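Order of writing sets the chain letters: A, B, C and D. Residues in each chain are counted from 1.
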Amino acid sequence: MKKIPVGILGATGVVGQRFAQLLDNHPWFEVTVLTGSERNAGKPYGETCNWRIPGDPPAAMSSLPVLPTTADLPVKLVFSALPSPIAREWEPRLAQAGLAVCSNAAAFRNEPDVPLIIPEVNAEHIDLIPQQQERLGWKGFIVTSPNCTTTTAVMPLKPLHDAYHIEQVFITSLQAFSGAGYPGLSALDIQDNVIPYIAGEEEKMELETRILLSKYDPMRQLPDETIQVSAQANRVPVIDGHTVCLSVKFREKPDIAAISGLLTGYRGAEIVRQLPSAPVHPIIVRDEIDRPQPRRDRDTDHGMAATVGRIRPCPILDLRFVSVIHNAIRGAAGGAILNAELLAARGYLE
Amino acid sequence: MKKIPVGILGATGVVGQRFAQLLDNHPWFEVTVLTGSERNAGKPYGETCNWRIPGDPPAAMSSLPVLPTTADLPVKLVFSALPSPIAREWEPRLAQAGLAVCSNAAAFRNEPDVPLIIPEVNAEHIDLIPQQQERLGWKGFIVTSPNCTTTTAVMPLKPLHDAYHIEQVFITSLQAFSGAGYPGLSALDIQDNVIPYIAGEEEKMELETRILLSKYDPMRQLPDETIQVSAQANRVPVIDGHTVCLSVKFREKPDIAAISGLLTGYRGAEIVRQLPSAPVHPIIVRDEIDRPQPRRDRDTDHGMAATVGRIRPCPILDLRFVSVIHNAIRGAAGGAILNAELLAARGYLE
Amino acid sequence: MKKIPVGILGATGVVGQRFAQLLDNHPWFEVTVLTGSERNAGKPYGETCNWRIPGDPPAAMSSLPVLPTTADLPVKLVFSALPSPIAREWEPRLAQAGLAVCSNAAAFRNEPDVPLIIPEVNAEHIDLIPQQQERLGWKGFIVTSPNCTTTTAVMPLKPLHDAYHIEQVFITSLQAFSGAGYPGLSALDIQDNVIPYIAGEEEKMELETRILLSKYDPMRQLPDETIQVSAQANRVPVIDGHTVCLSVKFREKPDIAAISGLLTGYRGAEIVRQLPSAPVHPIIVRDEIDRPQPRRDRDTDHGMAATVGRIRPCPILDLRFVSVIHNAIRGAAGGAILNAELLAARGYLE
Amino acid sequence: MKKIPVGILGATGVVGQRFAQLLDNHPWFEVTVLTGSERNAGKPYGETCNWRIPGDPPAAMSSLPVLPTTADLPVKLVFSALPSPIAREWEPRLAQAGLAVCSNAAAFRNEPDVPLIIPEVNAEHIDLIPQQQERLGWKGFIVTSPNCTTTTAVMPLKPLHDAYHIEQVFITSLQAFSGAGYPGLSALDIQDNVIPYIAGEEEKMELETRILLSKYDPMRQLPDETIQVSAQANRVPVIDGHTVCLSVKFREKPDIAAISGLLTGYRGAEIVRQLPSAPVHPIIVRDEIDRPQPRRDRDTDHGMAATVGRIRPCPILDLRFVSVIHNAIRGAAGGAILNAELLAARGYLE
């Protein structure tokens, strides 16, 4: 099979670097375009990019020139690691020009016909694309992936919602600082400290959770009004790996003893299981009393699985548990790549 | 005024060291007895003690010999920094022998006639002492202070309970590792990591919160059955300072705009305000959006005040906020010393 | 005694904040002027300043307006926490206008008639001031304090140099990141890491050490050409407190057993011992095999003493030892304040 | 080719776990025996072992029973991760019983006929084995690998010694705490801190460096008396990856500009290049001014390469540079496995 040529927008930032790393030797996609800020234009990616994540820039991309973002990039699909204000400007232009845009930015996550997707959770929402194209008159389209902390919570919530219908969720997060990008947090602020605030994060978690768990409607993607979410976000001195503590109330009384099996057995839609970046088991349950832990569990299944533990009753609601994901892989670049694979598998890139 | 001679049980451990540090130059108490394990018996405290907290051993105590714990210590009051199993054995013997025991151990916290006290929260519960003495035929008595994380939550909950009556509290903690003692956590376990489990901690928080907020009953101290508490405990890479995120439901609808004033204005019982270790304001409210933070707020008012911030509504319940205290001072040695000052002020040490 | 009115240039940065903190309630100086960038001009210091060091802004300075730096500040002396390029522009203007400038910046450290001073090391060099004033036609003058890492090494080197004459010194530093200011290092760069490079640091250590140890010459302050210094600088994940490991060769064979007493007994010049910020013992020697340590020793004597340990022979040269200071206090603001106290005691502020 | 059955002594500790991880799917060796303490005897490795390193226990070893160490283990070769006192007792027994013992312990490193080996540095020293066997009357033998910090320094020193002959080396280390095993350092000791002492470490570095760089003598392996080494050891808050700063004096004047090429081009003996765990380039030189860094360079070539940077002249001696290795891989288990591969390639396991 001939690989699909793809681009990375904002390729020199830390999320862009993760895209480059995860797309190196990808079986379906070949990175042929890398964009960055004007001042780097024309320089080879390997020289321009101040590599901040483990390893080195992929050899295959090192000599590609960094281009300014324009509407006529010679690719089928772009991954957007643009900051939200720039994403808001450029993602529609590229979609209008016929490109598929898989965005990690928050800019369009809440538009009713821009699909917000975690393939194992709501693959079917991808079919909002024709509605989006029709309304806007675009040949291309935008698909988004959620905030990294939302993903940490929603992956294990999905099978529970299917089984028992979620009514209330309390989420308290302990988030790695790589989520703030580079330079992100000053070491003077976060070492030996907790910062109990991340701008916009709680609102995103409260809204996106309800969008992702909503029933598919071919016309619009709206938050499920029967679910209430209360989120509290904290930054902790962890490099990679978000942890969330959840308390959940269900419509149906859950069987606590069955929860572990329910999560472990969850596989998502048939089409998703075939995607090259999909983990065999989207949710791993650890039995040890003190897991999951971000440093020890973030890399499970190449950083694409959620790890869950401490499944136990709640004295007020029904169920408590803890979930961990790699915020920079499953929660950002890896999640958007899985969306792109779903687009390819569903024929949206033809 | 002649100072009251006091002892520290388990003086060589990290909590014992905090007692020594905080009792140095205390206006009411003079440390004349330090106990430790048999193998150190007779050696000067300054040589025996592997000092693990900031600063150096107090000069006034350095030459005191470390004694084995016995029932006939020549003091009026002892501060117990004993591990719980040893506390369970020795604290009753000392109380029976006529000593006042101010314990930081969990061993007797839940006995119905052993007062569990935070002076600003439930000073009046101290009057369970005669009931305890009568039942057990003791000349002395035991008074306990709560788990450090419980204290972090309960100090700001008290004025809210007084104003609106708490019905439900969700508490998620982000706890410093000094709470685990020395050597406590291996650096290999906690650096760049979160451990979402602390043995026994959640049960303590759920029970002690309800005991501390209960109405005074001269015969027994029981958990308030009208309050529900769900606690989730996490260890984070912070040296000192516990952080808790709370969501609270009240019987009366609270006025969110008034909460800050309510907390700032709270002073506790009249008698408590005169105690030498009592902070002027037990609760400090910070307006900055990203406070309280353990490293920046733990030392407020010599580590004896609770710092609160992020006061805001909860989408599910009524109120959310964050509280920070110094777990090793207010949450341990400092809390027990404040209890002892209350005993002295109330005449229980005469 | 009426206090001397002083100003802080660059008062809103982290070094400026340390100046404010250390000058609060100073017995000789009263801060009446605070300068900062244009955009903050006129706002009260307490509101403008994003406080990044422990505690809170001093109440006495909170309501002072932040002024732009000008040549006619109504004070006798200014402490300069300006970045070096701005210091290079403004410090001479203020000195010309008649002010005493105590600078923490590197801009003029190496000018032959601008004294580079650690009072306990080379107080007599202060008498270069008349030479400086004459050459430049200034009514005021500039006095500088050395780089923080140089100070860590030179404080204990001074009595050794007096006793045995230093010929060679190898210095390897392990430096706290507060030395880089705010925001300074990204947490993504320094957590779980070492950065074996700090721009300009090795050159400063190699040159300033030789200047500080040079004999007083009333005409110029030049590096001692009989001393060789090789420095290697590393940044480590420590908030405050620089550590240096030294190997030293002397002209005279040292008596290793006498070194500890030599360092402990060192007091500096008579006039320095009376200064209010001078530590009783500038050098503290710890006997424990694993000290000094930055977290445990940085605050010794209010952060103004150097702590030394691991005194032992070197298999190649004569002596090895380790020194720790608080880089932000003794190594920056505290050092400059001690210089100002020396100026006052010597009559240079009259 | 049929794989050689091998055992791991002390398989449940952290070094033992690294052996298990690195030997999983090894092309030449198959782990068939795992030994541990008596109390775990008979239990499956996967259940007994409290896994403290990244990932999970290898599936192929999880069901192997943990055996007590005995002299008749049914394998050809054992990797010893035993603590030194136990290694001192058991390694000779196993060698006497005919087994090849590849030890990571310090117990026999300094015996004149027990080869201390880094294959790229002194592969030819392996031929001391017959001398060892003859003297002791053993059918088997012991081969050792050096202390992890020594390895960090010696790998790049070797080609420099070949080219210019080293006369003096000053080494200051900044060592990761995984080198102290599990539980190893208390988080209360090392977070936000440096500990300038590691028991025995400096002596090991000073002696082993001179042994490894000595000329091959078929009768004995003695330290090179023409080389002087002064080492200073520090523990820093880094999980994995040792950093050393070196200053070196040579007999021949080195060409600083040629050093980078000399190190990059170094390959070691022909036979070593074919070993399955040998990195293609044992020494990687990074040109960035702020590299090598432990977190970013420790995993280079599966943790088996040394990364060098900051190559520059020394104002006192000839050359300075910085070296980083993964202490737990190249500096421990990986180094011993490479030794075993050398034994196999040289026919010592037939």
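Heads up, the rule we're going with is that contacts are C-beta pairs under 8 Å (C-beta built on N, C-alpha and C of every residue); 3 or more make two chains touch, one makes a residue touch a chain.
Because the structure is a prediction, the values reported are computed rather than measured.
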item: Comparison of A-D and A-C (more C-beta pairs in contact); value: A-C
item: Most distant chain from chain C by Cα centroid; value: A
item: CA centroid of chain A to CA centroid of chain C, Å; value: 48
item: Chain C and chain D: spacing of chain centres that average the CA atoms, whole Å; value: 42
item: Centre-of-Cα separation between chain D and chain A, whole angstrom; value: 41
item: Per-residue multi-chain contacts in chain D, two or more chains; value: 191-192, 237, 239, 296
item: Complex contact set, residues of chain C against chain D; value: 168, 170, 172, 174, 191-197, 206, 228-230, 232, 234, 236-239, 243, 245, 247, 289-296, 309-310, 314-317, 320, 322
item: Touching residues on chain D, where the partner in the complex is chain A; value: 54-55, 191-192, 296, 299
item: Footprint of chain D on chain B - complex, ascending; value: 14, 52, 177-178, 182-192, 237, 239
